Amino acid sequence: MDPAKSYTIDELAQRVGAEIDGPRGLVVRGVNAIDVAEEDEITFIGSERHAACWERSRACAAVVSRGIEVPNHDRQRRALLTVEDADLALAVVLELFAPPVEPVEPGIAADAWVHPTAKIDSSATIMSRVGIGAHTTVGPRTVIEPQVQIGADCVIGSDCLIRAGVVIRDRCLIGDRVSIQPNAVIGSDGFGYRPDGRGGLVKMPHIGIVEIHDDVEIGACTTIDRAKFGRTVIGAHTKLDNLVQIGHNVRLGRGCVLAAQSGLAGTVVTGDFCQIGGQVGIADHRTLGHRVRIAASSGVMHDIPDDETVGGTPALKLRQTLRIQAALHRLPDLLKALGREGS
Amino acid sequence: MDPAKSYTIDELAQRVGAEIDGPRGLVVRGVNAIDVAEEDEITFIGSERHAACWERSRACAAVVSRGIEVPNHDRQRRALLTVEDADLALAVVLELFAPPVEPVEPGIAADAWVHPTAKIDSSATIMSRVGIGAHTTVGPRTVIEPQVQIGADCVIGSDCLIRAGVVIRDRCLIGDRVSIQPNAVIGSDGFGYRPDGRGGLVKMPHIGIVEIHDDVEIGACTTIDRAKFGRTVIGAHTKLDNLVQIGHNVRLGRGCVLAAQSGLAGTVVTGDFCQIGGQVGIADHRTLGHRVRIAASSGVMHDIPDDETVGGTPALKLRQTLRIQAALHRLPDLLKALGREGS
Amino acid sequence: MDPAKSYTIDELAQRVGAEIDGPRGLVVRGVNAIDVAEEDEITFIGSERHAACWERSRACAAVVSRGIEVPNHDRQRRALLTVEDADLALAVVLELFAPPVEPVEPGIAADAWVHPTAKIDSSATIMSRVGIGAHTTVGPRTVIEPQVQIGADCVIGSDCLIRAGVVIRDRCLIGDRVSIQPNAVIGSDGFGYRPDGRGGLVKMPHIGIVEIHDDVEIGACTTIDRAKFGRTVIGAHTKLDNLVQIGHNVRLGRGCVLAAQSGLAGTVVTGDFCQIGGQVGIADHRTLGHRVRIAASSGVMHDIPDDETVGGTPALKLRQTLRIQAALHRLPDLLKALGREGS
């Protein structure tokens, strides 16, 4: 947070469209979690659990979603700011307190290594120790941080942010406004071998590419394999968390969200707006419909139709998995009652 | 794919040893999946599921495994190429359409950092911003891409391909024809601590190394820890996918295949030709025999004898796990029938 | 191991405080696992399983924990060294045989990129192709290996070891004696989005930081996200293995140990001395008490009180999970006996 930034309760309420219950003139200098906030910080109450912590919190103010009851509010001393959409209000407050970002100078650093045939837009920024291969193009206002390595024949769109240490291999296509966190890998070889008939394995050529559409975000150390042929596709607005594995020829739809450490084997295809929990695995060649939701830690072995929510390993309809899990709690006693424990 | 490359059906059939059912003169300019192929592309039919898509596919030709029935084939307009070994045929076709690879010039880039005592074969290629430590040797025709960092006293064999961003720490031994995908880490410290008696933890020294045998391939962001003492060993022809974790003192046999995000804790030992599915975990000090197969998403807590196939967490013989999973589907109704639901 | 180092049994026994059963004058030149040790190497017997291998081992000596019976010991030819604390003895022996470490020269490499406003202690070492941003400080005796990228306004303490390829983003705080293995990422954006009302997703600003306390160790390719606001905290003496994911606003206590590929979603809070097994996942906003232990491959969906040991997915008390797993083995036969198999 920027220590130089401060706002009165009144100013903050106006920015987020909140009703104030408490003093309007308090000065707020930061934002923090309810249990660690200091006396000049604002916090958030997004649940009953948070609300129960308000009395003991040191924060001078809190943004609270309409409908949440906050017990023992001392409105003489501290302020509650009630809003309709807490997520939106939080986003606004975070931007207000965001530290100033150093302006990035366009241009190519002296110690970057850019192939003479690469085309870098004059408004793009290529930082120190970046490598860019032959015939690759980088679009307007895109920022490529230090130590990124981009191969030949790539297309990087406009307004992208490629963080330090990212590797993008030959011929990959990256859309506009794509953000890639540090040390992610785009376009690694797919994992496919065939027996050589002499006890060894021969690598299948992977001559395809990776195509990442607009407004995609990719997490740190996430890996996206190039296609065996054709394209591995990440649809527009899709978001991948850290340490996610995307196999060769996967096609993710638009607006999907994949939590950390999830893994999609080769040729998985999904519809739009799917939500995939952390550490989920999906077997190769499976197809998911639109708006599929998969609970964290699940292993998906079958296709899933539109709008279904699944969980467990192997993944079933979530309702069915929860019913089985509840039944499991009673299984040992059932066996005992039937005289079978230890039998 | 190389837009300049094209072949007639006749030429392709000859290369893969196929029987042609359809026009022989069609010109093919690329290869793609059956549902996205364009009219000048060839595709593959490896299953009944694929065969059912042929009628609606735009592809002008398909390689098909003998024995698969393809309904509604319009042999006046399009061609089916029937082969015995579809995988082999696919490999051949992919190589035919592979984009031309820029020839790599042997030599050491001006901005590489190579220790004066390192010995780089004159036919090896050390690219921009690579670091190579004291006494390390790099063999004939090996290519080390930009931003690779190799420590001291390493031996890198011949014909290796070390992709951008890989880190190999001191004293590791890499065989011939080893391929390592971007941002993988070889020779990181093993994970071992002992209580210091004052509430803290003291790191165990890890003085051993990693030894990678010939023809091994290692995926992007995969990590292989050095041994506490002696060697962590990856046997010849073994293939590791992306984001795999290999703990200290693991010894993998020959020709094993480990899918993405699998993890082997310290001192796991395997035989040859094991197949380990995605996101599998194996507890420390466990021993696997030869040709063991482990289903994806499994957690292995016990030793596994030769030729066994296991699955589930904790992993049991796959047949047993499948039988339990089938039984689980009926458990809630059983409890209900016995009057125990909700009890 | 250093081939130049050798010790007699007598010397080794004295260093680790062992009783000798066998010849005292044998010369030991290395340390290795019991099944692969050569005739001039010492090994370790830490379990009955190891003890059973002693007869066939080629090692000339073994350190053995008091109380372990070693069958068929040939004390005329080989020596057993009995100790109270085998872990401590192993640590001592490993240090005795550790290869000599090249002394690291303090100073900033000519091809490092250090912002003029950064403050690097004169005893610190900044190696080749490192980048360090504005106003960042690096403490005494800290070593930063090649190709590390550190952002602006970071504080790196004293005696740290930052391995090759690590990325640390702006404003992160790293304590003293912190060790970070290659290609880890500290301070990547947290994973949080809100609907934009037009079918897209808007990224929540993540204006917080990562704060890593003293004596922490972080594994290769591990990712630690910065906080949405406030701090993601890794408590003193906590150890993270490879490929671990720490979400935004997680707060880990002191002396915790997280095995490889475990993942903590956003805002997980733990007490001190927790032990988290490999591939464990913990859902967001969950709270763990002190000294909680979680079995490998578990998925934690609920809060866990002090001193509890849990396992399974969803994680239950380990005793309960083991009882359910045992019951599951008998479930298929129970259904058969009740005439329900296949019904």
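Some notes on this structure:
For clarity, chains are labelled A, B and C in written order, and residue numbers in each chain start from 1.
By definition in this document, contacts are C-beta pairs under 8 Å (C-beta built on N, C-alpha and C of every residue); 3 or more make two chains touch, one makes a residue touch a chain.
As the structure is a prediction and not an experimental result, all values here were calculated from the model.
Shown here, the protein chains touch in all possible pairs.
Between subunit A and subunit C the CA-based rotation angle works out to 120°, given as a multiple of 5.
Separating the CA-averaged centres of subunit A and subunit B is a span of 25 Å.
For subunit B, residues touching at least two other chains, in rising order: 111, 129, 147, 165, 183, 221, 243, 261, 279, 313, 328, 331. Chain contact summary for the complex, subunit B toward subunit C: residues 111, 113, 129, 131, 134, 147, 149, 152, 165, 167, 169-171, 183, 185, 188-189, 191, 193-194, 199-208, 221, 223, 225, 228-231, 243, 245, 247, 249, 261, 263, 265, 267, 279, 281, 283, 299, 313-314, 316, 320, 323-324, 326-328, 330-331, 334. Only residues 1, 30-33, 36-37, 87-88, 90-91, 94-95, 97-99, 102, 111, 128-129, 145-147, 163-165, 179, 181-183, 215, 217, 219-221, 237, 239, 241-243, 254-255, 257, 259-261, 273, 278-279, 296-297, 313, 325, 328-329, 331-332, 335, 338, 340-341, 343 of subunit B touch subunit A when the two sit together in their complex.
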